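You will see two complexes here that share subunit A, one where it goes with subunit B and one where it goes with subunit C.
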Partner chain A sequence: MLSNFQLLFDFPVLNIELLLNGLMIGGIFALAAYGLALVWGVMNVKNLAQGDFVIMGGYIAFVVYKELGINPLWALPVAGIVMFGFGWLLYGLVIRWVIGRDLFTSLLATFGMAIVIQQLLNLIFGPDVQTADSGLGTQLFLDSVPVQEIRVLSLAIAGILALMVILFMKNSRMGQAIRATAQDPRAAKIMGIDTDRVYAFTYSLNAAICGVAGVLISMIWVIQPFYGIGHSIRSFVIVVAAGLGNLPGVIISALGLGALEQYGGFGFGTEFQQAIVVGLLILVLIVRQIMQARHRQVVQ
Partner chain B sequence: MSTSRRTLGLYGGIAIASLVAPFVFDSYISQLTVLWVMVLFAITWDAMGGQMGYNSLGNIFFFGAGMYISAVVQIGLHYDVAEYTAAYGAIKVDFTPAQYHVGLVLGTIVAALGSVALAVALSWVVFGLRGPYFAIGTLGVALAAGELVGAWEYVGAGSGISLPVFPGEPEVGERFFYFAFFIAAVLSFFFFRWLYGTRFGLAINAIRDDEEKAEAMGIRTMRYKTITWSLSAFFLGICGSLFGNYNIFIEPLEVAFATVVFGIPMVVMALLGGKGTLWGPVIGAVLYHVIKEATWKYFLGWQWVALGLLIVVTVVFFQQGIMGWAQDKWPELFGIEVEEDSAEGDREAA
Partner chain C sequence: MKYISKFAGLALGVAALSLAAAAPASAKVEGDTIILGSAISLTGKYSTNGVHAQNGYELAVKKINEMGGVKVGGKSYKLKVVYYDDESTPARGAQLAERLIKQDGVKYMLGPYSSGMTKAIAPVSEKYRIPMVEAEGASRSLFTQGYKYLFAVLSTSEQYLASAIGLAAEIAEKNGKKPSEVKVALAFENDPFSQDVRAGVLDDAKKYNMKIVIDDKLPRDLSDMSTTLTKVRAVKPDLLVVSGHSKGAATAARQLKDMQIDVPMVAITHCEAADIIGKYGAESTEGILCPTQWAETLSYKDSYFGTAAEFDALFKRTYPNYNTVPYQAAQASAAVLVWKEAFERANSFDGDKVRDAIAATDMQTFYGGIKFAAEGNNIAKPMVLRQIQDGGYNVVAPSKWASSEVRWPRKAPMN
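Moving on, here comes the complex of A and B:
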């Protein structure tokens, strides 16, 4: 186990490779985490089905790649649209009854949805690990570090999508309505905003973002019906570490999580990767708690 | 007088039915055995979630911890544990009945105490968290435990540990474990029934209703929370130890720290029956178990989809549970007096 860490000292180039891979995967984690923060902030719903939306997006890419035989990059708009519709459906069936209830309700209800989604995916696609091949090659960075083109492209797509969403939230009518509802739902209602529609749109937008992130994940990594919980936990780690409504924080902690996970997976072995993510969640919660305890003492 | 007689009749009826059931419904004995496991799950969860208002999603942690602690003790009494697990079942355990029972009792005691120790150690981490953070944090503890044990070679990592088989006839073994779980569940029921009637019960209810106020009234909330969490852990540790031996084989993700199979259903059973009531978790556990077995029988392959839907429907549309619904419908049965005057006054005011 320690010999692997020794390797990092002996071959510094490995560090660059791990770091780059981590940052590129972290960029995609940031998308799902942003979606979680959006739904959390606007609707006060903790969506534990977040990772399962990601995996659903991944399977849409897989279907496009396997059944239609075309490049999975085409699945990006398809996954966005399909998941948007799916999000709207779920909102109408479940989420609209959860809004305004205690926070535990939304956690448990979305966990139930996550179980249904992963089991349905398992019934349709089977429990095998799948991936969608984009057919892009590998380049050498600095003449020694192999970098897959698809990872760079994914990071760029993630960045563009994030920018689009941010611009949408800032400038469009619906984006403004969403932000107004997040600030004060009652006041927004009085001002004539259909908050029910705003919530439906927010939840669907989150599902669409997750779907696109899932397409990217399926191309640079692997998907499996039960991997969703790992992605959900990642989103929670990122959002809890960054704090709500802190977009730069979300991006930084997502990139950090990606890099940490790569390092941990390399150092301890891949069987510890999931454990590292969950361990980070607990660590982040403990750190937050210590900070709050200090804050409480100051107040006293 | 009549109420106490009715209660006595109820307990007597359940006791007789439970004692007779394994002999009459011989072919369903494994389902009946797991039923008591489920009842114990729901009761111990309700102590935390229902009575104290701390909705834990990770109580399964103590079940798994107890299972592993007991397994290590039982094997460790006679073998080298690391060697045994490294052989992947190539070493066959050969215990005399006396060795088996001593190991089981000793393992269960250590498992119960070990779970309590873990609960006390963890309480510092989790009880600073409130509301949804507490739920996510405890869920994280359970998931992390599953992953870590799954990578820990000493306890067999992902391949798990095979445990000794019950010495004697298989039917006797089945009945033995049925009554073991029955006694564990009944003990936990009467223990918590007694506990809710004491000052301690009032204190944890106060924590549920308003923790700041409870603290301001001089209740040492941290101590009460730690003790309640430890009591849950105590019974879950016992249950885990027994379940490991009942199952013969233990494994981290599907048996010991099975969040989807046991961890979340714990919560759903308590909600389904009505959390924060004495009988609610019991009723919920029985109902959930019956639904689960029925879906297993008639919707094989779709059973988890059906159970996921049950979770969503219960949580979203029926959170007051059966007991809560009954209390709304027939308040007089529960000794709740609705004052007609004040109700009318409200109507006039409206």
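Moving on, here comes the complex of A and C:
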């Protein structure tokens, strides 16, 4: 184990590779995490099916690539639209009945949805791992660090998408309504905002963002019906670490998490790559708890 | 509420009783038919391979019956297999084994699919002293329990990649290097099967005094092993060995290509199951070594199916929806052949006599040699190592059965 870290000093160029790989995958984590923060902040629903939306997006890319035989990059808009519709459907069927209920109702409901999605994917596609191939190549950076074009493109797409969402939230009518509802749903309602529609839109937007993230994941990693949980946990860690409503925080902690995973996997072995994420969640919660305790004292 | 549950219990009891009454009292040999029993995964996560195994059993039964059946005491008997679906759950498998033996009176068993299911069922058959010939449980741990009634026709898991180490040593010597100079990188999933494979590789590496430079464990839900491969790039091993079921093969093959990892020799289990050639193309998987229990190109043969190639052709004719014949089906057929010969050699239906006849098996089949160690595992058949060459799988080791030269070194897949 120590010898692994020694390697990082012996071959400094490895650091660049780990950092680049981590930051580029972190950009995709940021998408799903931002969606989670949105739903959490606006609707106070903790969506445990977040990762399963991501995997669904991945399977949409797989279908486009395998069944239709076209480049899975075209699945980006398809996944966005299909998942938006799926989100709307789920909102009508499940989510609208649990908004405003206590924490456990929404946790149980979304956990149940996650299980149903996993099993449906398993029934349709089978338990084997699948991939989609973007057909893009690999470039050498600084003559020694291989950089996959799809990772760079993914980071760019994630960035553009994030920017679009931010602008939408700031300027559009619906974006303003979402922000108003997040601040005070009752006041928003009195002002004539159809909060039910706002909630439906928010939830669908989240599903669409996750779907796009899933398409990118399927072109870089591999997907399988039961891989959603890892992505759900990542989103939670990122949002909890950044704090709700803190978009720059979400982006920074997502990129940081991506890099940390790479270093952890390198140092302790791939098996610990995800264990580190969970360990970090505990650490973040402890730190938050201490900070909150201090905060309460000030109020007293 | 109480009454309802009581009523339900009563109804269940009545149902169970009527089922028990319907089952035949003794089914070991009915008229001129010998009944074999098997709990096998027809639904659930092992169902794909469970069905392969069932098709293998059925094909062998059909063939043996067509050829006149099994001759015991001067009389010909037909074979028949009774199946139950174990739903890919070990607890259900053990229950069904109990049911086969206690209720259906089955005296001769065929194995289920997977090491885990075999592990669940073997204690049951052992308890009732019912011999079981299994074809799908490779875990080493099945043969260290001192079972007397468990026999397996396939090679055990620790042999899966040992031949890769031997091949690496051979190549090193050919290039004027000492085998002890060979550097080996290992990446194995942390589950019983893959760790068995790893133990076998470590044993063989120790024999040649090779140096293990990386020894990473992979998680169960593996989707990224780029960190391990980054390490591989840095320490430049001569041989990279990966085992993590289909997902391990899919992830490794994808990232070897994407990260352009340059290792002269790469060995991965489950290449065929993950269909890495189909997923990533012939060019980027060229040169990867894949172990297999059996291949249709091997020159094994017997008097039932003929050569391995003839078995392959017959299987495809019988089950037209198969493009390639999975080795899981071939070894299932071989297990039925073991039963047939054991009955004839024992010339009796007495459980212990048949068991001893199985233990004394020493035969050649289309699937390879079959001879059982005292622990019940087959010691007459080696694992075969195939290399992906121009988009096909060619046998390259052991040299006795090799149809092609190994291509070395492997070039980094460029894209």
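Basically, the second predicted complex is superposed on the first by the 295 of 300 C-alpha atoms of A that agree within 3 Å, B and C clash if a C-alpha of one lies under 4 Å from a C-alpha of the other, contacts with A are read in each partner's own complex, and residues count from 1 in each chain.
Everything below uses one rule, namely that contacts are C-beta pairs under 8 Å (C-beta built on N, C-alpha and C of every residue); 3 or more make two chains touch, one makes a residue touch a chain.
These numbers come from a predicted model, not from an experiment.
Of the two partner chains, subunit B is the only one that A:46 touches; subunit C does not reach it. Once the two complexes are laid over each other on the shared chain, residue contacts for A:278 go to subunit B alone; subunit C is not touched.
After overlaying the two complexes on the shared chain, residue contacts for A:103 are found with subunit B alone; subunit C is out of touch.
In the superposed model, A:233 lies in contact with subunit B only, and not with subunit C. Judged by the touch definition given at the top, the superposed model places A:289 against subunit B, while subunit C stays out of reach.
In the superposition on chain A, A:265 makes contact with subunit C only, not with subunit B.
Once the two complexes are laid over each other on the shared chain, residue contacts for A:133 go to subunit C alone; subunit B is not touched. When the shared chain is aligned, subunit B comes close enough to touch A:112, but subunit C does not.
Once the two complexes are overlaid on the shared chain, A:18 sits against subunit C while remaining clear of subunit B.
Overlap of the subunit B and subunit C contact sets on subunit A: residues 229, 269, 271, 274-275. Of all the residues in subunit C, the ones that touch subunit A in their complex are 45, 48, 187, 190, 216-219, 221-228, 230-231, 233-235, 246-247, 250-251, 254, 258-260, 273-274, 279-280, 415.
Partner subunit C is touched in their complex by these residues of subunit A: 4, 7, 10-11, 14, 17-18, 21, 25, 126-131, 133, 137-138, 146, 148, 150, 217, 220-224, 226-227, 229-230, 262, 264-266, 269-271, 273-275. Contact residues on subunit A toward subunit B in their complex (touch as defined above): 46, 94, 97-98, 101-109, 111-116, 119-120, 123, 229, 233, 236, 240, 269, 271-272, 274-275, 278-279, 281-282, 285-286, 288-289, 292-293.
Taken together, the subunit B residues at the contact with subunit A in this complex read 55, 57, 125, 128-129, 131-133, 135-137, 140-141, 143-144, 147-148, 150-151, 157-158, 260, 264, 267-268, 271, 301-302, 304-305, 307-312, 315-317, 319.
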